[in-house]
Structures are given as structure tokens and as C-alpha cells.
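The following blocks contain the structures, represented as C-alpha cells.
Note that chain A is present in both complexes that follow, paired respectively with chain B and with chain C.
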Partner chain A sequence: MRRQVPLVLCFFFGVTIILTRFSPHPFSQSFYEEVNSWALIIFPFAFVLATVTLIRSHVTRIRRRSEHWQYSFIVFAGLIAMVVIGVPFGPQHPVFEWLFNNIQVPMDATMFSLLAFFIASAAYRAFRARTFEATLLLVTAIIVMIGNVPIGDLIWSETSSVKQWILNNPNLSARRGIILGVSLGVISQSIRIILGIERSYLGGGD
Partner chain B sequence: MELFGIWVTAFLTLCIYSFLYRDNPFYRFAEHLFIGVSVGYGIVLSIHQGFIPFAWDPFWAAVKPFWPGIPREAGWMGLLKLIPIAMGLLFFGGLSPRHTWLIRYPSAILVGFGSGISIPLMLQTFIFEQTRGTIEPFAAINAGTLSPWGIVEAVLMVVGVVCTLTYFFFSVEHRGPINWLSKVGIGFLMIGFGSAFGNTVMGRVALLIQRVDFLLNDWLGTIF
Partner chain C sequence: MSKTIQCVVVCLVLCVSLAFSQGLSPPSNVTAMDTPNDDGSSVTIKWDAAPEDSGISGYQILRRIAGGGLEEIGEMLPAGATSYVDATIEKGNAYAYIVRAVSDAEATVDSNETAPAKGTGEWFHTGKIPLFIAMLLFGAVIVWNIYYARSGKEVFVRRIPGLEAVDEAIGRATEMGRSILYSLGLGRVDEVPTIASMTILGQVARRTADYETPLRVPCRDPIVMNVVREVVRTAYLDEGRPDVYNEENVFFVTESQFAYAAGVDGIMIREKPAAIFLQGQFFAESLILAETGNSIGAIQIAGTDSEHQLPFFIAACDYTLIGEELYAASAYLSREPMLLGSLRGQDWGKVLIFITMILGVVLELSGVNWITTLLQRVN
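Let's look at the complex of A and B:
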């Protein structure tokens, strides 16, 4: 009961969704829309559960006085500020928008820009041209980087054209190979899940 | 308020960049604030753009007729929303170790839905379209409308795709011609990874330039 019913549910929803995608009948399409909305309804509950788990882990940190436990209060402050304003008043509320535009967006951009420094040190290690393959990677990366900035065309007027040719041809062919392989893998894994061969999402226990 | 916002943003930006020196309390403060704000933002969006329009509004429209004096706006279909709401509530079984197994029901629906939707999507968007894009230039070659350089590019594309796929094909031993094809595939892959690396670096540097521009012009502009 605890494992069989979820397997039946997974099989039912998987197979019916596949069938609706191959049938243009209005009933099939409305069924697809309805089930699609079900997934959108269920997902926020999973998000709330994830949040509750996050809160519990930080409460445990505070209770045990783990290292840097004081910062857990900062997590709660940010979380409560967004939820207390956003849930009752909506995401269009000026204070919510202010928090989003002046705290979340700039911090998000700054966190990612921080990677520019670390990627440079990683490049130093990775880009030592010891083999033919490493040299190929090094030369391509340099051409793409230089071709993206105006100084590239100042050094050689065809730099950006060469960069574009690399992106449109050898790069695209490699990407297509990867995409085709990944897609075939996703399809086979989906079939295994629908047929109940792959059951890891059910977790352990009875 | 705008000036205050600029100062808050500048303070948090500098807090994060302080990590370049080493881990410190300012960075940890900004890091934890970022986690809290991001999770809060996710909750608000999933409620206002997921739960309310797709569950609460149709459900309320179906329940309304039971209230006296309120005209009936929608059919009984809205009551169907009780099923996913009940399924979603089962996620909270995860909070009790004895009832963790209840999570399997909503998870099975989401996983089944995701698997079902990904099969036709992957077939149509990636396999058919990418294969079509790879072999389509050969129709132009057949029609005699492709330039000699275009023919070279078309052949290069097919060679690249076949060799890359061969590298990932482990059902046969990589010896002889298969080994050579696989080695050519590695070359194409290295070009692909180099391009991805170059683009990623430039994307991160663009973000860095934007943040430095904010600090130099927007923030320091309020002081000097």
C-alpha cells in the first residue's frame, strides 16, 4: 500500500500525460491543462516543506550553539521580512519590491560576479597546455573570450568572426552530440520511472 | 528611500566582496541574509503565482454558491482542486518520522507528471529538431544551393555530432575505427567546453563590471 499506490499513481500520470501530448482532442487537452495545474498546486507545498526543514535545521543550530549559530537569526530575519510583507500584500507591494531590488537582486549578481575571481584561478590550473586536448580547450576559450570584447577586433579584425564560426560549427556539433545523448538518457530514465523499474524517488523503508 | 537603498546595496556588495580577502563576519552576514531573503521570495512567488491562481481561486469560485446571496460563478470542477491540495498537504508527513512515507504520494504524481511530459518534449525539441538541424543542409547540397564552404560546414557538423556521440557510446569497445572516431569526438568536445568556459568567464566578468560600475558611479556618486 505504501509503495504500490505511489507506483500506480506515477504510472497513471506518466502514461496519461504522454497520451495527451499525442492527441489533439479537446478533452485530452483540457485534461492536460487540469493535471498541469495540479502539479503547480502541489509544488508550493513541497517548497513550504523545504522551508520548514530549513527553519528546523537553523533552530537546531541555535539550540546546540553550533559554530556561527548567531547568523541563523539573520536567515530568519530575511525570511520573515519577505514572507510577512509578501504573503498578505503580494509581490507588487512597494516594500517587497524594495527588498527584492535592493537586497536580493544585487546580492545575487555579486555572488555570481565573485566567481569571476575563482574561475580565473581555476583557469590557471586547467589551462596548462600539456596535451593536445588541453591546448584545443585553451585556444578555443581564448578566442571566445577575446572575440567577445572590442579589443579582440582591434588586435585582428576577424577575431569576432572566427569566434562566431567556432560557436556556430564545432561548438554546436559537440553540443548537439551531448544534447542527443542526454535526451536519449532522459527518455530511457523516464520510461524506467513510469514502468516502476526505477524507484529511488520512493526512498527507503516499507 | 532611493538613497537608503543605494547605501544598503553598496554595503551588502562590499560585504560579499570582502570574501576575496578571507571568510569574515561581514561575508557571513550577507550570505545568511541572502539565503533568508531568497527563500522568502520563493515562498511568496509560489503562493501568489502558483497556489492562489491555480488552487484557491477556482476552489473558492466552486464553493461560493454555498454562501447565501453569492451568485454561482463556476462549475463543480473547482472542487477537483481539493485533490491536489490534499496531495500537497501530504508533504507535511515528512515532519513526522512515522509518517514520512506519505510524501511518496505527491512525489509520485510530480515524478510521473515530469517523466510523462519529458518523453514527448525531449523527442520533439531535442532529438527531432537537433537531428533535423544537423542533416537539413544536405537538402540544400542536393538542391545545389549551398556554397562550397557551406558544404564543408555541413559535413563538419555531421562529423562532429557522430564523433561526439561515439565517444559516449559504451556498448562497444573503443578499438580501431571506433577509437579514432571517439578521439575526434574528444577534440570536438574540448572545443565545446572551451567555448562554454570562455562564455561563462565573460558572463561573470560582465556581472563584475556591472557591480563595480554601481559602486563607482551610483554609490560613490552619492558621496562626491
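Let's look at the complex of A and C:
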């Protein structure tokens, strides 16, 4: 019974939501929007629970003096500061905005910037010409990289055209092949879930 | 009184003569009807195209609610327009329309008033019939294959190295006495890659329960975290090891994309898990996570359906589930006949699409383009 109820609900809502995509009638559209809005109702409760787990895990870290436990105090400081300012005064409050724009945004940008270095290290490993495929990848990458900078056309006037051909033909074909497989995979997975054949997401396979 | 009537008549005669002097003729065959395949919130007005030398520089649409006066709606339409969708109607009201032709010299001439039309919502979008048929066909193929596999017939599934390596990765972590880190990425609970990732997590959790290997799952979405807790807990219960399950190992990190990446990177650096699973929906943080995992020497198994992130995972991880392999994982790991049957159905779908593509190319090259037209219409 504990498994059957979610499976019946999943089948009912799965089939109904699919049908609403084929029906422009106001009733079916409002049903679709209504069901979607239920997710918004669930979210705040889940968010409270998630915040509790965050606090609990950092309290545990401090209590156990885990490695770098001192940083957990920064988590609490940030959490308390944003809640104390954000909840009573709203996210438009100048102090809240200042904290967001001068702390969170630069830190996000810093993490994003790291990507440049990670791309370099990953590319170094991927492009080592040890096999035929890796050599092909290396040559293709060099053409595409040079084709993306102005000096490429100065070296050879056709560099941009070759780069564009690589992106438009072999690259796009491979991408579309993956997208096709993914789309069929999504449909297949959805059918398995709706029919109750795929139950692993409920915790077990039985 | 008679003078006023005379003035009005003179004005009307002047207007009509001016219109005719500009060669302006009223728009013909004006019809107003409910816009097909919508929710009843619009009416479509159509009229015949005017000849090129008609002198018309644009059209203005006027509408009248039953018993009311005429009102102009929308902007002036260009001379080449032959239709207008009035999406500002109130449901339940009937509207009559007039199309007013306007010349360069601001002379105007009105069409006949259309019969009143109402917006009505349709229960079925007729433009989506081919899509509906394709969906039913593909669904039927999958269901047929599921029942084919259920009858006990063997289903061949090609080897997927990334999934073969799951046991190896868990075994390695167990031997080294280190934890396993499992990230579901940034996807929400209603996204299929996240659900696919949960199914893999369920299988991984069953094995970690057997080996008593700590399984750490940092989550980005609060709802995902709660569902994942249930998935892992049930997996441990099914394996008869509820004592090994630790709820605190499935935890919320943050909703922010790069803060999540920083948090998970921190866990990797501090705890040095022996095996890392990156399965689900990833964006720009994919390489940040995968390269950090690589730097600590963990065995990494990644999988995503985002074709933009796949090259990063392939470059930085030991094994990568490419696109659809992510969705095949549950069937592959559990070897359940019904799940394997659905994989076979999925392959049949690919064959059908492949045949359609070849047929479409051949027909298009032969000058027959009904497949292209049909697909464009569906699109």
C-alpha cells in the first residue's frame, strides 16, 4: 500500500499532464498550472528542512572539530546576517543588496573564473596525442581555437571557414545524435515511471 | 436641420470620391472566426490580399461588441497583411469586425462588418495529431518490448563500461576505507535526468549498504534532498542494513550554483573520497567538480544528458555515461527483464527515426517533400 499509492498517483498525474499538452482548452491548461503550483507549495517546507540539515551538519562539524571546522562559523555568520536583514526588510534593502553584490556575486565569479584553469588542465590531458583519436582531437581543437581568434585568418584566410565547417558538420551531427538518443531515453524513462515499471526512485526495485 | 444633413451628405460624397480618386477599394471577403487550437482567448480575422496597385498603405482593425460602438484595436497593419489575431477579447463575448483600408493620403474605406464571432477553447490541438500518433506509436513499441522481455525471452544489452565500473569503484572505496561521494547535479526533482540519477543512486546505495561504505550525497535542491534520503534509506532497508544508514550523509549544501560547486569541492579536498559519482544535470560547474575529483585521485564515473558538458566529463573522468546511457543505467544495473525490454523498445524507436530520416533525405532529393512538410508542420 505504501508503494501503491505513489505509483497510482504517478500514473494518474503522468497521463493527465501528457494529455494537457495536447489540449489547449482552458480547463486542461488551468489544471496543468494548478498541479505545477503545488510544487511551489511543497518547496518552502522542503527548504526549511534543508536549512535545518545544513545547520545540523555544521554544528556536528564544529562539535567534532572536523578538518577546517572554523569555516562553519562563516556559514552561520552569513546565514544569520542574510536572514536578519532579508526577512524583515526584504531583498531590496540596501544592506542586503550590498552584501549580495559585494560578497556573493564576486565569490560566484571567482568560482566561475576557476573554470579557465580547469579547462586548461583538462585540455592538456585530453589533447595528448597518444592515440589516433587523441591526435584527431588535438588537430581539430587547434583549428577551432585558431579559427576563433583574429590571428587565425592572418595565418591562413580559410581558417574561419574550416572552423565553421567543423562546428556545423561533424560537431553538430554528433550533438544531434546525442540529443536524439537523449530524447528517446527521456520518453522511455518517463513511460517506465508512469507505468510503475521503474520504481528505483521510490527507494527500491520491488 | 436640413443644412446639417446636407453637410453630412456632402462630406460623405467628398470622402467617397476621394477614396475612389485614390483607387482605394474596401477589403474583400473579410471573415472573423474562433482561432483554431487555442484556449478560446482569441479571434482571427482574415481578408483577401489587395492588388499591388491598390494604393493601400495599411489596415486598421475595428471591432464591435454586440450592441456597442466600434473601437480600434491594435496597431496599424502593413499593406501586405491578410490576417489579424485579436488576442484581447473577453471570453464569452461575441465580436464583429471591420477591416479599414488606409491610403498614403490618409483616405479610408471600410469593409463590410463580419458576422459576430466568439473565442472557444478546443479540447484537442489538431495540429499536434502527428505528434500524438508518433507518441502512441513509440509508447506502444516500448510497452510491446517490455512484455516481450517479461515473457522470459533474453534481451541483449551492449556493454556499458561506465556502469560496469560501478562495482569496481565501490569495491575500491571499500578496500581503501574511504567514502563515496554522489552528486546529482543541479537538477530539480521534476527533471528526468535527476530521476534517472536517483535510480542509479538507489543501486549504488544497495551495494554500499552491503559493503558498509559511507555514501555522501550533497544536494542542491531541498526537495531532491528529501527524496534522495528516502531512496537511500529504502535501499539500506531492502538490503537489511538499516543500522548502517546515516541520514546526515544526505545533506543540503546550497541552492547557488557556484557555491554548491565550492562546497562539493571542499568535501572532495577534505574527505578525499575514493569514488565520485557525478550523475544528473550539470552546467558550468561540471568541470570544476570533475577536475577537483581528478586532482585527488578518485575514480570518477560521470553521466549527463547535457551534450555541452559531456566533453568536460570525458576529459576529466574515468568513465562517462553519454546521454541515453544515463537512462539505461537502472535497467543495466538491476538486469530486470521489464526494464531491459524498455531499452530494446528505445532502440526500436531509434531505428524508426533513422528509417524516417533516410526516407526523408531520399524523397527530398527526388523532389518529394511531404515528410519535410509534415515535420515542419509538427514543429
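The rule we apply is simple: the second predicted complex is superposed on the first by the 197 of 206 C-alpha atoms of A that agree within 3 Å, B and C clash if a C-alpha of one lies under 4 Å from a C-alpha of the other, contacts with A are read in each partner's own complex, and residues count from 1 in each chain.
Note that in this section contacts are C-beta pairs under 8 Å (C-beta built on N, C-alpha and C of every residue); 3 or more make two chains touch, one makes a residue touch a chain.
A quick note: this is a predicted structure, and the numbers were derived from the prediction, not measured.
By the touch criterion defined above, A:Ile197 lies against chain C but remains apart from chain B after alignment on the C-alpha atoms of chain A.
Touch criterion met: A:Ile42 reaches chain B and chain C at once. Look at A:Leu54: by the touch rule set out above, it reaches both chain B and chain C. With both structures placed on the common chain, the touch criterion links A:Pro24 to chain C but leaves chain B unconnected.
Of the two partner chains placed around the shared chain by superposition, chain B and chain C are both touched by A:Leu115.
In the superposed three-chain model, the partner touching more residues of chain A is B, compared with the other of chain B and chain C. Across the two superposed structures, the residue set of chain A contacted by chain B and also by chain C is 18, 21-22, 39, 42-43, 46-47, 49, 51, 53-54, 68, 104, 107-108, 111-112, 114-115, 119, 123, 175, 178-182, 184, 186-187, 189-191, 193, 201-203, 205-206. Only residues 2-3, 5-7, 9-18, 21-22, 34-49, 51-54, 68, 71-72, 74-83, 86-87, 90-91, 96, 98-104, 106-117, 119-120, 123, 132-134, 136-145, 148-149, 166-167, 169-184, 186-187, 189-191, 193-194, 201-203, 205-206 of chain A touch chain B when the two sit together in their complex. Chain A makes touch with chain C in their complex at residues 18, 21-29, 39, 42-43, 46-47, 49-51, 53-54, 56-57, 60, 66-68, 104, 107-108, 111-112, 114-115, 118-119, 121-123, 125-126, 175, 178-182, 184-193, 195, 197-198, 200-206.
Within the complex, the chain C residues that touch chain A are 37-40, 91, 121-125, 128, 131-132, 135, 138-139, 142-143, 146, 190, 192, 195-196, 198-199, 202-203, 219, 222-223, 225-227, 230-235, 237-238, 248, 251-254, 256-259, 261-262, 266, 270, 284-285, 287-288, 290-291, 294, 305, 307, 310, 312, 314-316, 322-324, 326-328, 330, 334, 336, 338-339, 342-343, 345-346, 349-350, 353. Chain B makes touch with chain A in their complex at residues 1, 5-6, 8-9, 12-13, 16-17, 19-20, 28-51, 54-55, 80-81, 83-85, 87-89, 91-92, 94-95, 100-101, 103-123, 126-127, 130-131, 133-134, 153, 156-165, 167-168, 185-202, 204-205, 207-208, 210-211, 214.
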